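Same chain, two partners: chain A is paired with chain B first, then with chain C.
This part shows the complex of A and B:
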């Protein structure tokens, strides 16, 4: 199979792909290196800029807002997404085709394929008009959260749907044969089976929220500067500074940490239901 | 005859009742999320598109009567006469998107086949290391290049010494920096679909070719490359479409002289508002996007590839 690739080819692949891996990480590593710049007046590397961050009320407020936004939207996005993924895989009648049957899929894929600029501006206008009409929806964490849920829910739905697709539909019939009602079968059969997908979906939703800039930027209000917006404004106005590098380094480390965690977690869950053939 | 043995009439009702119950459950579970997306995304984008056909009010807001004036403005006409600026911006965006796709293809092939050549257990981890940087915030990923390409950076000094750029200028801002930023940002979107295609490659074709003493390059072009085309097409779509409308890269790395359509659209809503014109530009951008998607669908249908297990 692929292992049979000739040795010179394998070596050539190694030599050409290592620079690409380097290219992927060099900019991030550079930020991290610069974040340990010497303190003003100092000469050696220092954690001065990290300490500075801890005393910067703007940064701390932005961090708090990012966490509120990320956790809050992820909870709602995970609930809506899980219900969509579960419902569409269990209760959709497969037989019918045509527009009506394809409509839910079309709706779910819209937030995923829509360019984030168009997404952001659409919501900017919508919330603006709604605010003029009703006085509600003034731009801020709430409008950002609504927009975040809109792109989180479809991704969670896809994760849960994929998990459900791997299930034997006879399981649900068996639970009905054993006189489990809908609630019992959901709590004792569906939930335990899709729990890894829900947890994975929640982590995905949270990373999506923290990663997003464009949609957040267009739905944000004057008092709702989150970390990515804080960094963007600082860099666009003042250029690069060591404290921004320190902040960015912390964000990079967090996201990469969550990513690795997610990987380890999903691997464990995959291993679990495998039939044992050896011992 | 008891009802349970089922007259055709009763069976029909029972079936209909069950179908109704299923539909109700579908609505209770999937309904809230679907309605949410319709209210907070599909309706808003419909409003945005509609605004493209309105006149401009005093504060840049949409106003009656309906008109096609915003689209004339997209084509470059204004009170001051015709200017080529918009056409240049659109062409520049197209060119940036296409060359980002080409550059990511060139970078992705070696990486993808390097991963595929590794033991199965190692592959997911190596793929993860390609994807991980893209999970960090786009602003962070992009401003890292401001540091690498700025006027004081080592790379800029090198370019100055070699005479590529005048002294005291940097490699950023400009078209070159945007190109690097877009390629860097979207590389994982090319690697993932290509990897999916390369992983299920039918290597017996390669072996057959080898038995017939085909050369390495011939083997690649006739036995390997055709099998990766479906992944390549998905990758081109995933890279070129978001690169075309990107907002962060042109604003941070492009500078004032090299605008892209994304920054042009955004400025109609953020700087001096002109909603109808911004909406008309958006419609224009979406037409391009949809055009690309349709071409992709037709091509992948012709190649007989299925999209797999999607919702």
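This part shows the complex of A and C:
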């Protein structure tokens, strides 16, 4: 944009943006600050509540379950989501117009825009029915894992689909033209070029799983309390305590860390300078 | 192999391709391309030339007809089993591989050992003068360098046939002219059959042994460049390839025909032909006072436009009856042989230079 807005308008926009940023980040900062509250009887800032967490068996058990659930579901969700994104991108190149062309986006976006409450309730009903019918699918980490995979896969598919859509379709013909059969083409072209998208999709899936409360709450069973559920019940029971602040701060740090990792991987594929034209 | 005598030769028999919605992209094409030939498919965009190329590569399957490459039937052979390599218009270089790896891709897929792969890749990179970029990524290359890499990636496999889909269209004029010459040299040196697709008539004229002019899925004319240019058999070919003056004609007594310009003397009496064509460079221009009035087909008029093009000048001359004739004159004489708008001139249309076209 070469045309600048008038100075007063720019200033007004800047001023109105401040409260937005404040509301976004102040609560997070506040929690981090409170997490370093003084130890009981102490007077200065301390890491006491962090040390406390490390000795709390309930917290450690919830963390362990969250990690098992997060890693397990992310692996499966990434595999299924990658296949989904890849397949739908292939479908897209065949059908260019009308409903058929819009179908892949529809399939991917519907689960993403579905309220998680609806998702959670339907999962609950579904697993109940399945349990009655088969005796399997009793509420627990397994049902939670399946539920997580169902909302992770579309996100991964979206990332992979976007990467595929951004590629020159001639690339795949070029590999065929250069003697690669379907297997070689997938191994030596498709996989390497969508690898950054797969890694990014995995990290996204992991963050989604680690902090999911709604769907987890509906599909959890006895003994499958994850971190978000633990935090919710702790707050409901005894109100907000400094150790919850410490736990929340750790989660914020983890999510930001994964976000940065994702940024690094997504930058990697575009690190090359812009092509020059002519000689 | 029984068919090896025809290594690099291509025969198309009754090839058709109909897309969804009944769009006939390629319509009953018969064509024989000789081994080692630089053959150009020339036509406007949407004429089916790229579809035809893609059927030879194996990316499209013809709805009917036979494709024979080097004596072998190709209808059921997938692209990766054809001894044909393509240079794509978009170059389609693999973004995750560097230049040397891109070029070696085909050899690697065929399971050729690393040492030989390196030897052949180095050799072709030296030949195309891209060895300095071996470890760069495609995104770090200029358009001309990418073009060379795409060409090297095809040539290194020593295919029987190289297919080139408008490979020069994204380059600027000077680079394009350089690469045209380089492509021709490379083709003659390696002796492979090149099938080149372009919509650029100049490119087709410069590079090809033979050309085929395509329109709406059909081949209008196939032949050596000189024949197609000098003896176009249709108005479309005449107009698509170079500049032309085209007039409807009706028979008149003897070796003459009536045109909007007036009566024209021609070499032999006309038969079914209803159109006369003459290239602008085959029309002689004289000062009005120096017109050779003893010769046939002298037309007098006034220069309306003179476009100076360096080596030659193109004149739009309006005859006394109002019709416009294009004439081209080389600037190999002194300034007295050039005319300004408004000057009176005489044009000579020699009977032997008039091409008669059916219909």
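The rule we apply is simple: the second predicted complex is superposed on the first by the 251 of 279 C-alpha atoms of A that agree within 3 Å, B and C clash if a C-alpha of one lies under 4 Å from a C-alpha of the other, contacts with A are read in each partner's own complex, and residues count from 1 in each chain.
Going forward, a contact is a pair of C-beta atoms (placed from the backbone, for glycine too) under 8 Å apart; a residue touches a chain by one contact, two chains touch by 3 or more.
What you are looking at is a predicted structure, and each value in this text was computed from that prediction instead of being measured.
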item	value
Partner chain in contact with A:36 - chain B first, chain C second, else both or neither	neither
Contacts of A:50 with chain B and chain C, given as first, second, both or neither	neither
Partner chain in contact with A:265 - chain B first, chain C second, else both or neither	neither
Chain B versus chain C as contact partner of A:176, first or second or both or neither	second
Partner chain in contact with A:189 - chain B first, chain C second, else both or neither	second
Residues of chain A defined as touching chain B within the complex	1-6, 9-10, 12-14, 16-17, 20-21, 23-28, 30-31, 34, 80-81, 83-88, 90-93, 104-105, 107-111, 113-119, 121-126, 129, 146-147, 149-150, 153-154, 157-158, 161-162, 165, 182, 207, 210-214, 218, 227-228, 231-232, 235-236, 239-240, 244, 248, 251-252, 255-256, 258-260, 263, 267
Touch list for chain A against partner chain C, complex	167-168, 170-171, 173-181, 184, 188-189, 192-193, 269, 272-279
Of all residues in chain B, those that touch chain A in their complex	19, 22-23, 25-26, 28-34, 36-38, 40-45, 47-48, 51, 107, 110-111, 113-117, 119, 124-125, 128-133, 135-141, 143-148, 150, 184, 187, 201, 203, 207, 216, 241-242, 245-248, 251-252, 262, 265-266, 269, 275, 278, 282, 285-286, 289, 293, 309-311
Chain A contact footprint on chain C (complex, rising order)	57-59, 78-81, 84-86, 88-90, 92-96, 105-106, 108-110, 137, 139-146, 153, 157, 171-172, 175
